[in-house]
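Both complexes shown next keep chain A, but they swap its partner, so chain B is in the first and chain C is in the second.
So, the complex of A and B:
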C-alpha cells in the first residue's frame, strides 16, 4: 500500500515534465537502421535566434512518434508506394517515365531533398523539388505540369524525400540563393493577419509551449511532406505555410507562389543539420 | 473496386515451432463511411472493407467485422501461435464484392 502511494506521488511529480510541451529526449531510428539527427546545433546564420534546432518529431506524443519508426506503420509510405508506380510509368508525349532518365530513386535521388530549394541558373530562379519535377514533366516528358501540392506531386516529393532520409539538410543560402534567403527571412519575421503573428512569434519565441491544446514546434520542415493523422494524407510544406498564415487571419499566398518558394528556402535553412525525415508522421 | 487498394502484410519468414509471432497488416482503402456528402450535396455511397480474416493452414486465427467508423487504411496488429510450417492467408472483403488476398509462408527454423 505504502509502495503504491509512493508510486502515485512519483507519478504526480513526473507528470509536469511529461506534459510541459517541450521537446523530449527520445531517439529516432527508422526501420531499426537509419539513425536520424533530430537535434543539432543551430547553423551559424541563426546566431542569436536559436541555440539548437529540433525536429518537430520531438514535440509529438509517443504513440505518434512510434508510427514514424517503422515504414510499415508509417502510413505516409502508402503514398510513397503510389509514387513508385508513377515513377516507373511513362507519361506525356515523349513516352518517358522518371525511371528512364533517373533510374532507381534510391540510387540517384538521395541528395535531392537535402539540397532543395536550389537556385537553377538555366531557369534563372530558385526551384523547389516540385518545380523541378514540373520542369521535367513539361520540358522533357511532354506532360502536363502537376498543380502545386496536388496529390501526385506531393506523393512524388515524398518518394524523393524517403530515399534521402538520414541525410542532413544542407540548403545553400549564399550566392544566387541569397536574395531568396533574405526575402524568406523578411517574411519569417513579418507579422501577418488580424492576429498580427509572425512565424517567429510562435516557432522561435514559443516553441515547446502550448498553442491551445497543441504543442508548438520550431516549425522545422525537414520532415515534409508530412503524413498528418488529422487528414490521413500527405501534406506539402507550402500548404502548411498557407494553413499557418490563414490561422493568423490573413489573406494567404498560394502554394507555388514566389513568396512561399522563398519562405521554403529560409525555413528549410533553419533546419540545416537536421536529418531529412520525410514522409514524417505528425498529428 | 475502390481506387488504390493494396494489401500489405508484415510476417516473419521463420518461427520456432509453437512460437507466438506478431503479425501486422494494413490495407490502403478510402473507407468511405456513407455519411459524407459531395460538393453538390449528394451522399457519397458507403464503400468500406467490411470483414478481415486471417487463417493458418485453413484454421482461422482472427475474423474481424468492420463498421463505417473505422478510419481510412485500416491497420491490424495481432499475435498468432505457429505450431508448424505453413501458410498464413489474409483476406479482406470489400463492400463492392471484391476480395483481396495475401499469403505469407512461414518456415520452422
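So, the complex of A and C:
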C-alpha cells in the first residue's frame, strides 16, 4: 500500500500532466459511528470481471466525500425528513399510514435496501423498493401509486435506505430472480446507441479514468438514492441509468420499465458486499 | 505490418477514386477499409483543414474526441479525457491513411474498441436522436461528415513532438 502510494507519487512527478487515477484510500464513517464497507472483494458471480467492488464515493472529490460523513451536512437527509412525515401520514381510502402497518422504519426496514430488488411470489414478479411501496399504496392503503422516480417515491426510498446504512448489499440472483439477473447482465454488456457504448465499456473497463471532467466510477448503486450537487435533489437509480444510456446517443428506456427493473437487480448484485450507503452525496 | 497496410492502401486507391468521380464524397457504406483498417484516400475528395479539425476534436456536439483523449498541444482545453491513448504524437506515429480509418470506424483497426465509429450510419442498437434519449427518426447521419473526418485527420497529422 505504502509502496503503491510512493510509486504513484513518483509517476506524478515524472509526468505532471497525468491525472491521479483510480479510487482513493479514504475511509467512510458516517456520523462518527456507522463504519461503511466501501471496498469489498468482488462477488463470485462477477467471474473475475472485477477484482474488487468499490463504492462511487471513492471517486468523488474530498469536499463531496466529506458531505456524506455527517447527516447535518448531507443535504439528502432533508428529503429523508420529508419522507418521515409522509411515513406517518395517513393516505388513501383506507386512512392508513406506512407507520400503521410497519411501525418505526429503523425497526422494520433496515434490511430492505440490502435485499431489493427481490422476487415477490404473490405478485409473480421481481420488485424494486418503489414497486413494493406502490403495492402497499394501491392494495393496502387505497392510495394512488407514485410515479416511478418521482420526488415522493425517491424520498421514501431514501428514508428506507438510510435506516439500512452499513448493511452489506446482498441481493439474491438465483431461483426466481435468475431470469431477471440474466436479462440485466445482457443489457449491461450491450453497446447501445450511435456511440456503441455499454455500461461495461465505461464502468468496468474504464473506472478510475476521466471521461472529460467526469471521474468514472464502477457505476455501483449501493449509494442510491443519491443527492447530486448538480441538481440539488435526490436521484433514483433508474433515472441515472436513463441518463447514462441517453449519453450514448441511444433511445433510452423509462424508469419503471421491465428492462430497467432487471438492470437494477443486475447492477445491484455487482455491489453485493458493499454497504448500503443511501442517501449518498455525488456531483 | 506497416508495409502491408501501405500495400493494401495502394491497391484500394483505384476503386475509391472511381466512386468519387461520381459523387465527390465517399458514402459511409462505401468506405473501403484495408486489411488493418486504413483508408487510402480522402472521404470528401478534398484535403482536410487542420484548424477546423481542432474545433471538431474539441467540441462536444462534433467529435468530442477530447472527452476520451488528451492532446498536450491543446493547452486551453480543460479536462482532457483518459479513456483512450494520449494523441500528442499521432502525426509521427500514424500515417494519414491509418488515422482516416481509425476516425471513420476504429473498430476496423482495433477489434471491439471502446472508441465510437464516426463515419458510419447503421448497425446500431437502439439508435437515438442525438442526446435526447428519443428514438432516431429514420436513418442517422454519420456523427461527422466526410469533410469533418478529413479535417480531424489533418489536425492529428499536425501533432508532433515540438
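Convention: the second predicted complex is superposed on the first by the 263 of 283 C-alpha atoms of A that agree within 3 Å, B and C clash if a C-alpha of one lies under 4 Å from a C-alpha of the other, contacts with A are read in each partner's own complex, and residues count from 1 in each chain.
Definition applied: contacts are C-beta pairs under 8 Å (C-beta built on N, C-alpha and C of every residue); 3 or more make two chains touch, one makes a residue touch a chain.
As the structure is a computational prediction, the values presented were derived from the model and not from experiment.
Enquirer: Scan A:242 for contacts with chain B and chain C and give back first, second, both or neither.
Expert: Second partner only, chain C.
Enquirer: After superposition on the shared chain, which partner residues are touched by A:26: those of chain B (first), chain C (second), both, or neither?
Expert: Neither: A:26 stays clear of chain B and chain C.
Enquirer: Should A:251 be classified as contacting the first partner (chain B), the second (chain C), both, or neither?
Expert: In the superposed model, A:251 contacts chain C only, not chain B.
Enquirer: Report the partner of chain A that touches more of its residues: chain B or chain C.
Expert: Of the two chains, more chain A residues are contacted by C.
Enquirer: Report for A:72: first if it touches chain B alone, second if chain C alone, otherwise both or neither.
Expert: A:72 contacts chain B only, not chain C.
Enquirer: Which holds for A:197: it touches chain B only (first), chain C only (second), both, or neither?
Expert: So A:197 only meets chain C here.
Enquirer: Give one of first, second, both or neither to describe whether A:81 is in contact with chain B, with chain C, with both, or with none.
Expert: first
Enquirer: Where does A:211 make contact in the superposed view: on chain B (first), on chain C (second), on both, or on neither?
Expert: It touches chain C, and chain B stays clear.
Enquirer: Of the two partner chains, chain B (first) and chain C (second), which one does A:125 touch, if any: first, second, both, or neither?
Expert: neither
Enquirer: What does chain A use to touch chain B in their complex?
Expert: Against chain B, the touching part of chain A is residues 72-73, 75, 78, 81-82, 232.
Enquirer: Write out the stretch or stretches of chain A touching chain C in their complex.
Expert: 17, 19, 21, 190-197, 201-202, 205-206, 209-213, 216, 242, 245-252
Enquirer: Considering only the defined contacts, which chain B positions touch chain A in the complex?
Expert: Touching chain A from chain B are residues 4, 6, 8, 10, 24, 26, 28, 71-73, 75.
Enquirer: Along chain C, where are the residues that touch chain A in the complex?
Expert: 64, 66-68, 70, 72, 78-83, 114, 116-117, 124-136, 140, 143
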